[in-house]
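There are structures below to look over.
In what follows, subunit A forms one complex with subunit B and a second complex with subunit C.
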Partner chain A sequence: MKPSPFSYHPAASVDEAAQFLSELEDAKILAGGQSLIPLMNFRLASPTHLIDISGLAELSEIKVSESEVEIGASVTHSQVLQSEQVGSALPLLVEAERLIAHEVIRNRGTLCGSLAHADPAGEMTAVITVLNGRVNTASVSGGRTIEAADLFEGPLQSSLREDELIVSATFPKLGPRTVSSFREVARRHGDYAVAGAVSVVEYDNDDQVHSARAAFLSVGPVPTLVSFDDLLRGNRIEDVGHNEVYNFLSSQLEPHGDLQASADYRRHLSAEMGWASLEACI
Partner chain B sequence: MNTEESYEIRLKVNGETQQITAPARRLLSDALRGELGLTGTHVGCEHGVCGCCTVLVDGAPVRSCLTFAIAVQDREIRTVEGLAADDGELHPVQEAFKECHGLQCGFCTPGFLMTACALIEQNDDPTEEEITEAIAGNLCRCTGYQNIRAAVGYAAEIARSDKT
Partner chain C sequence: MTTQSFGKAIRRTEDDRLIRGRGSFTDDAGSEGLSLTMIRSPYANARILSIDVSEAWEVEGVRAVLTYSDLPGRLVEPLPLLIPHPSLVAPRTQYILAKEHVRYVGEAVVAIFATDRYVGEDAAERVIVEYEPRKAVVGIDAALGPDLVHDDVPGNVAADHVEHVGNVDQALDEAPHVLELDLDMERSMGSSLEGRASHATWDRHSRKLRIQNATQTPTSVRFAVANILEIPDEQVEVFAIDVGGGFGTKVIHPWPEDILTAWGAIEYERPVKFTEDRVEHFISSSHERAQRHQIKVGFDDEGRILGLDVDFVHDNGAYTPYGMIAPLITATQLPGPYKLPNYRVRFRSVYTNTVQVTPYRGAARPHAVFSMERTIDRIAAFLEIDRAELRRRNFIQPDEFPYDLGMIFQDGRPAIYDSGNYPELLEKVLAMIDWDGFPERRSQTPPGRRRGIGVACYVEGTGLGPYEGGHVRVETGGKVQVSTGLASSGQGHHTVFAQIVSDELGVPFEDVEVVTGDTRRFQYAVGTFASRAAVMSGNAVAEAARLVKEKAIQIAAEALEANPDDLEIVDAQVQVKGTPARGIPLAQVAVLANPLRYSFSEAARAATQFAGAGDLDEPPIKPGEDPGLEAAGWYSPVRATFASGAHAVEVEVDTATSEVEILRYCVVHDCGRLINPLIVEGQIHGGVAQGIAGALYEKMAYDEDGNLQNASFMDFLMPYCTEIPEVEIDHLETPSPLNPLGIKGAGEAGVIPVSAVIAAAVEDAEGFQINHMPLFPSELHEMRLMNAEVSE
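Our next item is the complex of A and B:
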């Protein structure tokens, strides 16, 4: 099908985009369009106004500081994937980007668009959750910071206000003695994952786990964060082992069933991916 | 309902700039096929999955069904019509798909050709794995993919030998 009519407003600046959002009825931001346009083609979304931020130089920066990586809202998945700066500062971002769709989608889709889209099957929603990252917003009444834990309210539902846009996303770098890993199962490379987990493990000075957590894809309305601290602290992952981790996760995760996987199968896959991502952190 | 707002949209396709008048909702795929009569770009699913609408924007493959024409004004758009030389000499990817039987019904072919063209322009000596990954976003219901993979490899070979 074809999208329904809308008026097109290329924003010349973030201020102008915020102005448009506050003045126009039923307006939406257009970034890469890789999630919004499919919805519009099927008329699942039919906004009256689209505000295009894809050309905004102001939002095209990738900034790496001592402790953080900040990705502007017009930076595409491909640009993140190809950034050597990001690759050395926070390899987890690059590892996750590789799992998102195909190059052809990544060439237009943006990292921040993935977050605004708030799909619990999206890799970046899990990454920002497990890293305790945040997004930075702008609006006519001023900007604010939304912590990852407060960003996702339901499937395709973020806590952004209607008059607010994301200007960038900030991901803390991993501390010393901290390792991360992403594992997922998809029907084909580039498809949305049936199940997946991204783990972050911090070791103490004796190479035992100090803290460990994982965020899971597609097991609930929002990315699901599980702490392994009670199970793993003071131990080695390999000593606790597959079975205990698997059983623990099976009791923690309450996925739904759909065409791709029954609830039980998805629970099994998620627990296996949880273990696989932990094991990769050994 | 109000009459729909029209926009003057400049599209630079295969090196030639043309102006069309169309609503903002005009997909690049439909602008190419409808307004510009370039029906080589095919449309299958209109949600980014099949890949037959793939064109190059500034050298990078994108889905023309997930791109509004108005959002890519003045960018360099390349379609399957822009592959062969003016004298009709086939582009290496076209030559290779022909030689290796990389197509049957041909519906998916424009998308594969543009994807392969972008790949060998970035990397004219791709590994088997790189070839498989590059075309993984394109669907073909006829060939079973093996000849397409062979064709992409052969296209790279032609491109390398053209250079020397």
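Our next item is the complex of A and C:
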């Protein structure tokens, strides 16, 4: 469990990081290292070069505007969790952060790093999906914006180009009549969830559902977004009830089985979590 | 008066050091030498066709790359069979490096000596081993099938053993009721925080091989290394300063890496270190607990057991270095606290292409208790009798000790329970959990939850021989040095042995310093396992302290011109009873105990030849006496002493997620006289945690090709402290009549009945039978669906 030899390049700026990425063969960005380093220790990843962006002040900002929250690429999970600004602007981010791993991992791991890692079991991949957020990138050929819907291509596969790094992630704030909730089940506290759902429900002026959607963890190669609009629009969640939501979700989700959960159990649990997260939005 | 410390909840003296990161573990030993890296088999069952190491030699920093054909002398032999037994018909142990054939994923094939582990792993990537894979034998079904693990072991049967008392066939024939059960448990492992480790240094000047080893058995590692390397025992020193948990795995020795580090240190004249990493711990140390039991029980209308017939299969993995001890323990401990006038047990221990199986904390008792307690619960359900009441009707009673099971225990001696009070244990735990109030609590279960309760009892043979020793020496500075040969891997030996010596000798606890597991200090020992350290070394150091006390009183009597019978030792002073003014400090007695020609201090002058002490017609050391205020003491019991306990648990199971939540976990434990309640409770907490791990979280997920799919803490779900509930503990103290201190072992107790009691509680909550452990939410969910179908 020791990594192969690699060269370490602390970047002095985003521009330099982008320069390294374009020039060095087989290079990886290192931010918190909480996923990459274990993969390297198992020699499942053996990058020749690591470009460290963790010390970059220009990536360490949390910006809250009237409509959005933007998290820089070196901001750790703990910093997001402890940010009062984020807590009042977008409580869902803080709720999700509480479910991510353990304190020691959150102290190093970064929010943007977990998006770049593109693990469909990761809480942040589901949050950015359900909020229709986006990431902002840099490269020697210029930056771009990638919408959440276009970011994840498969397990541990994002649509980032090899010469491109995430510099920040942007999450739209929720409207005044909109409620969100995250529910998941993990085998142990802080583990990747066996199943989980994050729901966003927008109510109309009569307190009926105007629109509702949920993103599911661990049920497919990428975060799975399900719309409840046909089922719930113009209704109250409690009037539709557990059974109808459960049956609807069971028909929508096609999860895989693994060591912790058979496919059937995971489908069941995902549907239960879908209902639980909706119910929490009532 | 010296404050009595035996029985007090004294905080562990080792913790300050350990908590501050000042422990001295094997990996902390020097890093200037060579590092040993092993290449391990990726196949569970394969012939080795060729090994090409040439490219690995080219890597900078590589000192040597070895395969089996490079091994010299006795290193070519299979590793020793540690415990032979007449029923162990086909024992097999592995080679230091695989010879022609690999039999589990993780078996050592190539050894690389390099400047550090990074270089070693780089070199390992360049070794090309060509294998011819064969069908892997994985799991008990496969072991009973046609494919073989060892070509010369028909049926994969390593051992086939039967024991019986009474006439089971007749009892079952005549019993008014007979039930049959199929019960099984899966594998887990000890998962010590520190893995296996060895650091060997060859001092060519003094011709000493110094080995720091993360072992529970330093003296035996010493003999094994000396024997295999064909050097005198005297040249080998083994010490285990701090060991980060063992749980049985570190009883096993010598590991291939123990021998290779020792041999390499001499061969290359450089220190060699091996530190096992976590993956290696999963795939190349030891596992335990996979067993399948078929049970037939006959009983009367009152629920009294008339006959019990048990036939079980034990999966011993690819090799049997520890013989058939684990299944033998199941066989002899299965009766627990119950009277079984007619009992027959047969087991077969079978080979599979998986990591070897050796005792892990609890050592095959969790299966025994699971089997017996599930049987009792099933009878209770059949007769519709309260489960606690059914236990009462079958208990061995307090006036029936010593109680002879009529079987031979794992120490080769009769299994005779020395003492205990099982009815009181049960009543205490029932009161603690409020068993009778459960129906009321159940009626208030919140929606979406199902509530259940369970109770389980056990008896554990502890403190078995053959012997341990201890040495006590009073230094002229007043410190009392204690050493014992068995090692400490977190048990608190430094604290409890100091408590015992402090009381026996009459010195303050703070003045006693304990060293364990260092063959330079104490050469004779067996080891730390089978909940034996406190019983064995505890009684041995007590004996040593008593001998030192006698000697101190003799010497002081001369100096004080008093009758020895009138003297006592209080607060490290030998004095006339009740008269502190007529006394002499123990430190000074230590000076007098060693007649000197040369003084080294003011105090030492008193012992020099012109000081005027002593009878000039007698030699300074009289015949039969030794210099120094010191003595060795020994304890060798006629047989094991039997601890016991009862656990009760109340659980809630979530109807949506099938997760099991433990609401209350209660333990009543009887390990005889308590030396230190704080330490006993810590042992119980840790044991219960490992029990819950084995009941609800852990298993070894082998695929059919023999790959361990969850060889990391990400996928092997060892619970965190967040998963472990508060454990409520009460004690019963039934002294053992077998040893002077009246103590019984406590190290393994916590883990033993946990699977049984949780199965009982979940069964009570769900209303269908639980016959298989561990119990994961996914499986419980499937069971619910199946049972719903059946009842429709």
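Note that in this section the second predicted complex is superposed on the first by the 282 of 282 C-alpha atoms of A that agree within 3 Å, B and C clash if a C-alpha of one lies under 4 Å from a C-alpha of the other, contacts with A are read in each partner's own complex, and residues count from 1 in each chain.
Heads up, the rule we're going with is that a contact is a pair of C-beta atoms (placed from the backbone, for glycine too) under 8 Å apart; a residue touches a chain by one contact, two chains touch by 3 or more.
This one's a predicted model, so the numbers in the text were calculated from it and none came from an experiment.
Trainee: Who does A:260 touch here: subunit B (first), subunit C (second), both, or neither?
Mentor: After superposition on chain A, A:260 lies in contact with subunit C alone.
Trainee: Output check: A:183 vs subunit B and subunit C. Expected answer is one of first, second, both, neither. What do you get?
Mentor: Neither subunit B nor subunit C is touched by A:183.
Trainee: Who does A:134 touch here: subunit B (first), subunit C (second), both, or neither?
Mentor: neither
Trainee: On the A-aligned overlay, A:105 touches which partner chain: subunit B = first, subunit C = second, or both, or neither?
Mentor: Touch partner of A:105: subunit B, not subunit C.
Trainee: Report for A:28: first if it touches subunit B alone, second if subunit C alone, otherwise both or neither.
Mentor: After superposing on A, A:28 lies clear of both subunit B and subunit C.
Trainee: Considering only touches as defined above, state whether A:78 meets subunit B (first), subunit C (second), both or neither.
Mentor: So A:78 only meets subunit B here.
Trainee: With the two complexes superposed on chain A, say which partner A:43 touches: subunit B (first), subunit C (second), both, or neither.
Mentor: After superposing on A, A:43 lies in contact with subunit C but is clear of subunit B.
Trainee: Touching A:1 in the superposition: subunit B (first), subunit C (second), both, neither?
Mentor: Both partners.
Trainee: What is the contact status of A:54 with respect to subunit B (first) and subunit C (second): first, second, both, or neither?
Mentor: In the superposition, A:54 touches subunit B alone.
Trainee: List the residues of subunit A that touch subunit B in one complex and subunit C in the other.
Mentor: Looking at subunit A, the two contact sets intersect at 1-5, 42, 188-190.
Trainee: Could you pull out which subunit B residues touch subunit A in their complex?
Mentor: Result: residues 4-5, 7, 23-25, 27, 30, 46-48, 51, 54, 57, 60-63, 65-68, 70-71, 115, 133-134, 136-137 of subunit B touch subunit A.
Trainee: In their complex, what parts of subunit A are in touch with subunit B?
Mentor: Touch list, subunit A to subunit B: 1-8, 10, 30, 33-34, 37-38, 40-42, 50, 52, 54, 78, 101-105, 107-108, 188-190.
Trainee: Considering the complex alone, what residue numbers of subunit A touch subunit C?
Mentor: 1-5, 42-43, 185, 187-192, 194, 259-262, 264-266, 268-269, 272, 276
Trainee: Which part of subunit C faces subunit A closely enough to touch in the complex?
Mentor: By the definition above, subunit C touches subunit A via 117-118, 120-122, 125, 277-279, 656-659, 697, 701, 709-710, 712, 714-715, 717, 719-720, 722-723, 776-778, 781-782, 785.
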